[in-house]
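The structure appears right after this line, and notes come after that.
Letters A, B and C mark the chains in the order given here, with residues in each chain numbered from 1 onward.
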Amino acid sequence: MLTGPDDLRVALDVIGIFAFAVSGGLVGVRARLDLFGVAVLAWLTGLGGGVVRDVFLGDVPPVGISDPRSIITVLVAGLVVVGVRPWILDLTRRNPDLRLGGIGSAVRHLDAVGLAVFAVAGALKAVALGAPPLACVFVGGITAVGGGAIRDVLVGQVPEVLRREVYAVPAVLGAALVVVADQLGMLTTAVIWSTVVLVFVIRVAAIHLDLNIPTAPQQGARP
Amino acid sequence: MLTGPDDLRVALDVIGIFAFAVSGGLVGVRARLDLFGVAVLAWLTGLGGGVVRDVFLGDVPPVGISDPRSIITVLVAGLVVVGVRPWILDLTRRNPDLRLGGIGSAVRHLDAVGLAVFAVAGALKAVALGAPPLACVFVGGITAVGGGAIRDVLVGQVPEVLRREVYAVPAVLGAALVVVADQLGMLTTAVIWSTVVLVFVIRVAAIHLDLNIPTAPQQGARP
Amino acid sequence: MLTGPDDLRVALDVIGIFAFAVSGGLVGVRARLDLFGVAVLAWLTGLGGGVVRDVFLGDVPPVGISDPRSIITVLVAGLVVVGVRPWILDLTRRNPDLRLGGIGSAVRHLDAVGLAVFAVAGALKAVALGAPPLACVFVGGITAVGGGAIRDVLVGQVPEVLRREVYAVPAVLGAALVVVADQLGMLTTAVIWSTVVLVFVIRVAAIHLDLNIPTAPQQGARP
């Protein structure tokens, strides 16, 4: 039973690190990196957003590289991906459609979990350290999208946050809700978890309904 | 009428953020990103150099994510690009040559504005915070080239600063002039604006005269 | 004769900056960048790891942009590469196989030198600044792999640290040995240099024996 805000933030951090790390590892498997490349990509994706957050808030060395809970979480996530890697490689060799479709879908859903908890956890930490409200919203947004952007740039893709889907909007919205709740003195555990769920639901709805911000017809992201 | 050095630095920051943000948004339009991708790329390009500067100077949270003037400037720049986007897409569809030529030229000139004001604004802030002279020059240079480098890496291009043209040299020169003027006690508004104009003129001359640092014949930047 | 730990750290920094800077410059030559692009890539590669280390440790402005010894080292390295550039371009034009083979081999060996000394120098600095042991290990590892990762991302390649070879493992091992030696009160000059040599030997052995962490058969890093 989590009651204190610090416990809650650690719980959110652990969930976010795990989800992002697995997403990074899967992207590494899809890019046919070796075992260690997969593990490094998992680590960078899992910890990247939080490290950028801590550098921006002046909380150095960043928790992501000094707190044993972060490190253990990211190592376990790396091991999970390394463990399922042969099975995924085998499956995608027999069914090539799975490679982009199945792995892509898993990556997006894990990414949605990480996005939701990191947006809230990032804003919570900024609020706790007394940053100005506007900065708290941005720090939350950056924490949420940072790990995924690092992951995509490292394997040579245009980051998800720049591509077609509703991505940064729910993250910024979630961070803003945390800041507003804090200003109103309503930053309870229930409000925090509801915000996480809201961001996750919006993001997953966007994935499933292909609910994109309207664009003119186009032929692809990198012509 | 700007008289105080702080007012002047804010004015330079606003101009640089606006110019870089529009350049980032146009690169996003050219890469056929959706509306939100265009806005995010505008934001990262506009604020990126200043955020790196503030992290290097230990001024966290960075002004770029906490000062309302920065945020409003970058939002307005994003809206401008989003507003002209359909018109550009339409124009470039009817005249494909415009896509690389016209947009590329607009991006380069806006980039030159941002480069000039950020080189000076970055060095000014480093001087104001009492960094060592050599660090002030480098911080100015990094502030100037940082946003554009982030923009180019995110859309999968080799950054302008590594490509053929005179780019970082005028930025470093401008930052060095600020530091020298400060050491001589001559850091007046007139000297500051003259330095901005000098950097801009050198960079634009390089664009127009194709005045490159001499290179051996070559077949392209990414063989 | 180096006796004090600070002298030793400066010596390691200078060696690492030089080796990484030359590796970055050579990658720039191979990518057919112009003279200034080569110099900038040399600079970013040489100083990148140390700058990230200093930001993570809160030691700003980073030594890499404020210490004249770092700057002079990186400038000399840039001049060396610019000096040998016409000769390399000529040689590789007559013998195209050299371009990937010969330059690639030189880059990897220089990278191994930088990796070894930066892993140790990064951990030493983190220990000296009193960071927690786990953070010291990570800071050492990041210092070692950071510059090379920046170099590779900037020219559009998947970073070495994510590719097939034993790369980050020896760096993290070297940093861990420094931390353990510090805890045991055995952080002597002999131990430090032995650790550097150990990391270098493991990495070079991996290059020569193609001693990779086992992977399933695959068709290439970026399918």
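One rule holds in what follows: a residue touches a chain if its C-beta (ideal position, glycine included) is under 8 Å from a C-beta of that chain, and two chains touch if they have at least 3 such contacts.
These numbers come from a predicted model, not from an experiment.
Trainee: Answer with line, ring, star, complete or other to describe the graph linking chains that touch.
Mentor: Contact pattern: complete, every chain touching every other.
Trainee: Suppose you list every residue number at the chain A-chain B interface; are over half of them used by both chains (same) or under half (different)?
Mentor: Different: when the shared numbers are divided by all numbers used, the fraction is under half.
Trainee: Could you work out how far the Cα centre of chain A sits from that of chain B, in whole Å?
Mentor: Distance between chain centres: 29 Å.
Trainee: Could you pull out the residues of chain B that touch at least 2 other chains?
Mentor: 55, 58, 153, 156 - these are the residues of chain B that touch more than one other chain.
Trainee: Where on chain A is chain B touching in the complex?
Mentor: Residue positions touching the partner: 55-58, 126, 131-132, 134-135, 138-139, 142, 149, 153, 156-159, 161-164, 166-169, 212-216, 218-223.
Trainee: In the complex of these two chains, what residues of chain C are touching chain B?
Mentor: That would be residues 28, 31-37, 40-41, 51, 55, 58, 60-62, 65-68, 71, 85-86, 89, 153-156 of chain C.
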